Amino acid sequence: MTPNQLMFAIFSAVIIIFSILTVTSRRILRAATYLLFVLVATGGMYFLLRFNFLAAIQLTLYAGGIVVLIIFSILLTSHIGDKLEQPDLKKIIPAFLAAAAGMVITVFTILKHNFPQEVAAGTDRTDIRVIAKSLISTEKFGYALPFEVISILLLAAMVGAIILAKKRND
Amino acid sequence: MFEGVPLTWFLITGTIMFFVGIYGFLVRKNLITILMSTELILNSVNINFVAFNKILYPDHLEGMFFSLFIIAVAAAEASVAIAIIINIYRRLVNIDVEKMDEMKY
Amino acid sequence: MSILTLFIIIPTLTMIGILFSKSHMQVKWVSVVGMSLQLLSAIALILLYLAERRAGNMAEVLFVQDNVWYETLNIHFYIGVDGVSVAMIGLTALVVFAGIFASWNIEDLSREFFISLILLATGVFGFFICLDLFTMFLFYELAVIPMYLLIGIWGSGPRHYSAMKLTLMLMGGSAFILLGIIGIYMYSAPGGGPLTFDLIRISKQTIPIDVQRFLFPFLFVGFGVLGAMFPFHTWSPDGHASAPTAVSMLHAGVLMKLGGYGCYRVAVFLLPEAAHQLGWIFLILATIGVIYGALGAIWQKDLKYINAYSSVSHCALVLFAILMFNQTAMNGAILQMISHGIMTALFFALIGMIYGRTHTRYINEMGGLMKVMPFLAVAYVIAGLASLGLPGFSGFVAEMTIFVGAFQNADTFHRVATIIAASSIVVTAVYVLRVVGVLLLGKIKNEHFEDLPDARWYDKVSVIALIFGITLIGMAPLWLSDMINGGLGPIMHKLLVAVPVLN
Amino acid sequence: MIDFSYTVWILIIPLLMFVVVGLFGNRFKPIVSGLAGTCGLFVMWILSLVTAYKYFFVLEKAADGSFQKFLAFNMRWLNLTDTLHIDMGVLLDPISIMMLIVITTVSFMVHVYSIGYMDGEKGFMRFFATLSLFSFSMLGLVVATNIFQMYIFWELVGVSSYLLIGFYYTKDSAVSASKKAFIVTRFADLGFLIGILMLSFSTKTFDFLTLTGANSPAFSSGTGIAFLGLSTMTWSMIFIFMGGAGKSAMFPLHIWLPDAMEGPTPVSALIHAATMVVAGVYLVARLFPIYVFAAPVALDVVMYVGAFSSIFAAVIACTQFDIKRVLAYSTMSQIGMMMFALGVSGYGSHEGLGYMASMFHLFTHAFFKSLLFLGAGAIIHAVHSNVMNEMGGLRKYLPITHITFLIACLAIAGVPPLAGFFSKDEILAAGHERSLMLYWVEMIVSGLTAFYMFRLYFSVFWGHDRHYHHTPHEGSKTMTIPLLLLSIGALFAGLIPFSMFVSSDRMPFHSELELGIAIPAVLVGLLGIVIAMVFYRKETDLPDKIYNALGGFSKAAFHKFYIDEVYLFITKKIIFNYVSRPIAWFDRHIVDGSMNGMAYVTNEVSDRMKRFQSGQLQQYALVFVSGVVLLTLLFTYLLTN
């Protein structure tokens, strides 16, 4: 087993285990913490794949931003000691079946498909400069338009979030 | 194959994560845990994107950019979702998704 | 531009006028002026029509105008009239005119009320003048829809239920009609050429017999629902009981005639072979309806129910006569439509006026009204006598034409059916006299009724106009009957060509 | 050829009177409408007399010596088929002219009488307007040129009768009597209508001239066996007779006539004694050739129904106490005799004796019966009661009424030489030629007639003086003068040589008085009178004894043989409760129920379906996910080959 494989196995195991814990834990704050582990492990995957920039973003934005946001909202809406009630079987069984069936089908499909084994290794283009140029480039492989769109989306989300969360004085 | 790790491994990890997210989405009652399940789903997709990118099309960066954008959208979504959740909490004093069925019939 | 477009233009202008009226009074007067003009143009139309015919203009339809308004499907605004439609237009104008006066007391949302009422009338007029199946259907829907609002908003009793029931049943009928019309359209040009909705052109074609057999029940039942054909008549008692006076008048007086007219003009005219083959089924239904409606009326206690069942009986007689497939009976069918239209409008007007005073429609709670409101009571007696087919009123002319015509059929089935249907005149006498006896004669049962007012001037205008109508036709029916006979030529010709047995 | 087209005015005048008085009568004093109506009637009466004179004495006869039968006026009213059309017109022949005279005379007398009798009544104007309407319709009926015109006026007569019986509309009994009269006759008219339809179907004409002419299509068509062994023509004639039986109160359609006495007495005199009720007789007489030549079985029906009705009514009349009801049953009995006479008659001069007798009796009966009714009206006017037990000794108070009433009673009893003697004798003679049994039946009827009329006469005018609320007195001049005038008719109408004017083939002939029949008839009549005198001149308990001795029979007769109850059972119980009510229920619950059921099912389905939209986010998501999984499975593995 190569170190890469080992690293992958570790990340993968963390992701899977903590994912499951996230969705099954009955203490919500713990669930959030497990989610944090999942996200960090995902960031590790990105490192593994040499997408350093993306991994950094993952860590800062997800692990640093969203999870904190979630934890804040948890603190706002529930008490630390609260345990979530166990969802009833009537819900669990169909959901489990659906998810399991979907998983089986998808995994089966993935395994059946023959992906190209060897691809010519390309230049390492994950240089931050390349990314920056691409983001503001309007040419081929340029992402200026999505970039702008996402900016506006963020702005809109920000405004929307503020308006929604603002206390009504009516 | 990326330095010894086959593409399928990534994909399977992503798949499992995805369906765990789905399962969470379907069974959890608390809105925030549902939000967390959504994050799982989004992340699983990201893993697939970057894996495909790196392994099948190493010359390109589309996969990465998609992930990037998804992260941005996820951030926006999370902020709005949490704003909504807080709003709902203010009104109903709980955030149990089963009790939120005003939009029926 | 043909004189017929006036029948669309005048109501439209009236509606615009009402829209800009400021007060309740003004709304009413605008309606009165508009509908009086309409009545005058109807009379003018009758005179012009008779003059044209006398001058030897023997075209199948007169005063034709033809504009294409939707070229893709070859839909025309094609209008023209023959003797039958002229008669129906006259009826409609008279009933609408009386209806305006009968709704003089509407206070709530009077503007909307009168607009809906006139919109309804526009639909009816449009239906009668159109010769393009699609445009006809369009006007038909225009006439049916305002009914929902009129009953639902201005009605009484379980008005939402009734409005819903009425509208749904009629809509069900119109779905059938639409299907039939589209079917006819698909086979409107068997010899090639563009498909058409043009009724006259289609009538010159022969639609394949198996297609006819398929389409005829749809059209006949579809129109039959509106014509209160047994067993699709149950919207009528409920609908009428809840509807405001003028709406009942228009509905029973005019709108139900759309059904009979449609059966005659579309179902039988365009699909004669199928009509002849399948007619017996509907003939049985119609015969049942005649007796059943009359017997059903005996037991009722609510004035409007009595009249609604009586309408079922009388309207069934229309379908009965149409299905006899001979000229005299058909003539009787048209006469019966006109006669019943005026008569039932008169009934509903009077019931509305009595109800407006006593606030009850249950005959057992009333009595001796002859002493209190002689004008209305005498008018009611006249309406009742007309309804039971007394000579001198239109009902007699119509019924006798139907019976004599129907009896000329050579086969026993039709003649036995005629005798059964004729026995309804006795039953009619029973329930009419029962109502007259309980309601008008005898002692006054409720002392609050002692000083109720008799008819006001507007009531009188409405009632007298209608009584004039039934007596005019009853006393001198020859002109009307001949006029209608003239219009029956094409359909009889087509029937005889299609089904030589009838000869 | 003399122009008779002016006769149409005999119809137009009363119609105008009706419209004018009906619409504008209340603008003037009540008496104005009474006078207007009476004047109109007077003009019509004169016109009728002139017409009769001109027709019988001035107008030349047809080639074979018979009276002409022609249309004085005719106008198309409605086209039905190519051959069938309804006309309005005036047909003149001996019987229509005789009827014109009867109607206008009696109507005129009744008008004059009513001015006094109805004085001060509410609705005086309505009374006269309706009387005009009645005169119009009755005259239109008798001069009808075709059977459909007859039917039209037949109906109009029915409605004017309805309006007049229900004149006292606040009285419940009057209202129900009027309703009953209308509905019963309406039912009979249905038969008439069906008869007309069948007749016109076979003959393709409504026209009387064609139908009863020498080459009538009725003789040749519709003669095949159609149903139950009888021909179409027979059936149609039976149905038409049903109409006539309804109007003429023949058994079993007579039940309305006694109740119709709820109307004002002048109305009973005019409509329910002299004119309208004989319309059925007139109808049969009008279609007589068809009955004789094409439908002899139907004529037998007429004969038996007439004979039975006459004896049936005569028996009931002996047991009634209401004077108007006695008269009503007497009317029914007399009309039965007329029908009987028509039934036994043949066609031709002497063979048609019954026809002539029937018309003759109709003519004389009109006089003495209306006189009886008007007399009864005067009595009721004086004592304010209908019941003869509450009367007695009235001859002191009402001398004129007494005398005229006596004359009428003698006339109806067939005492020579009063009117009834001659006509009744002819009827008996005609019956004798045909059937001996029915001859004796009619003989008994004439005895019974004498008996019950004098029972009435003696109970009212003789016997004890009762205690009246106020002393009875004669009515005003307008009431007594018509009585006197009519008694002249009752005295002398029989002396007219009727057979010289009216006969079945319109050929004048001489009819002889047959002593062999006249003497027994007179003796029977006198016997009846004597018995009545013994029983009722002084109050004895003899009548009660006999009544009790007859037991059930007399009780049944007193209750009019329970025919009313049978009808009530059929209409109220069967039709109302067991037909109409279930239909109403059926309509509401089954027919409407199925419509509502359709709506209910639609509603229910949509209600079930709307539960899919539960508002449960996770449920939606579950469905979505399962759907996606399923579709994936389907499209990637199952549907790909």
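Per-chain residue numbering starts at 1, and chain names A, B, C and D are given in the order in which the chains are listed.
In this text, a contact is a pair of C-beta atoms (placed from the backbone, for glycine too) under 8 Å apart; a residue touches a chain by one contact, two chains touch by 3 or more.
Everything numeric here is computed off the predicted structure, so don't read it as measured data.
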Centroid comparison with chain C (C-alpha atoms), farthest chain: A
Intercentroid distance (Cα basis), chain D paired with chain B, Å: 98
Where chain A and chain C are represented by their mean Cα positions, the distance between them in whole Å: 72
Chain A and chain D: spacing of chain centres that average the CA atoms, whole Å: 104
Length of the line joining the C-alpha centres of chain A and chain B, rounded to whole Å: 6
Sites on chain C at which at least two other chains make contact: none
Where chain B touches two or more other chains, by residue: 22, 26-27
Sequence positions of chain D contacting 2 or more other chains: 618, 622, 625
Every chain pair meeting the contact rule: A-B, A-D, B-D, C-D
Of all residues in chain D, those that touch chain C in their complex: 76-81, 84, 86, 148, 151-153, 155-156, 159, 162, 166, 169-170, 172, 175-176, 179, 182-183, 186-187, 189-190, 193-194, 197-198, 200-201, 575-576, 579-581, 583-584, 587, 591-592, 594-596, 599
In the complex with chain B, residue positions of chain D that touch it: 610, 613-618, 621-622, 625
Contact set on chain A toward chain D in their complex: 91, 94-95, 98-99, 101-102, 105, 109
Complex contact set, residues of chain C against chain D: 165, 168-169, 230-235, 237-238, 292, 295-296, 298-300, 309, 326-328, 368, 370-371, 385, 388-392, 396-397, 400-401, 403-405, 407-408, 415, 418-419, 422-423, 425-426, 429-430, 433-434, 437, 440-443, 477-478, 481-482, 485
Residues of chain B touching chain A in the complex: 1-5, 7-13, 15-24, 26-30, 32-33, 35-37, 39-40, 43, 46-47, 50-51, 54-62, 64-65, 67-69, 71-80, 82-87, 89-90, 95
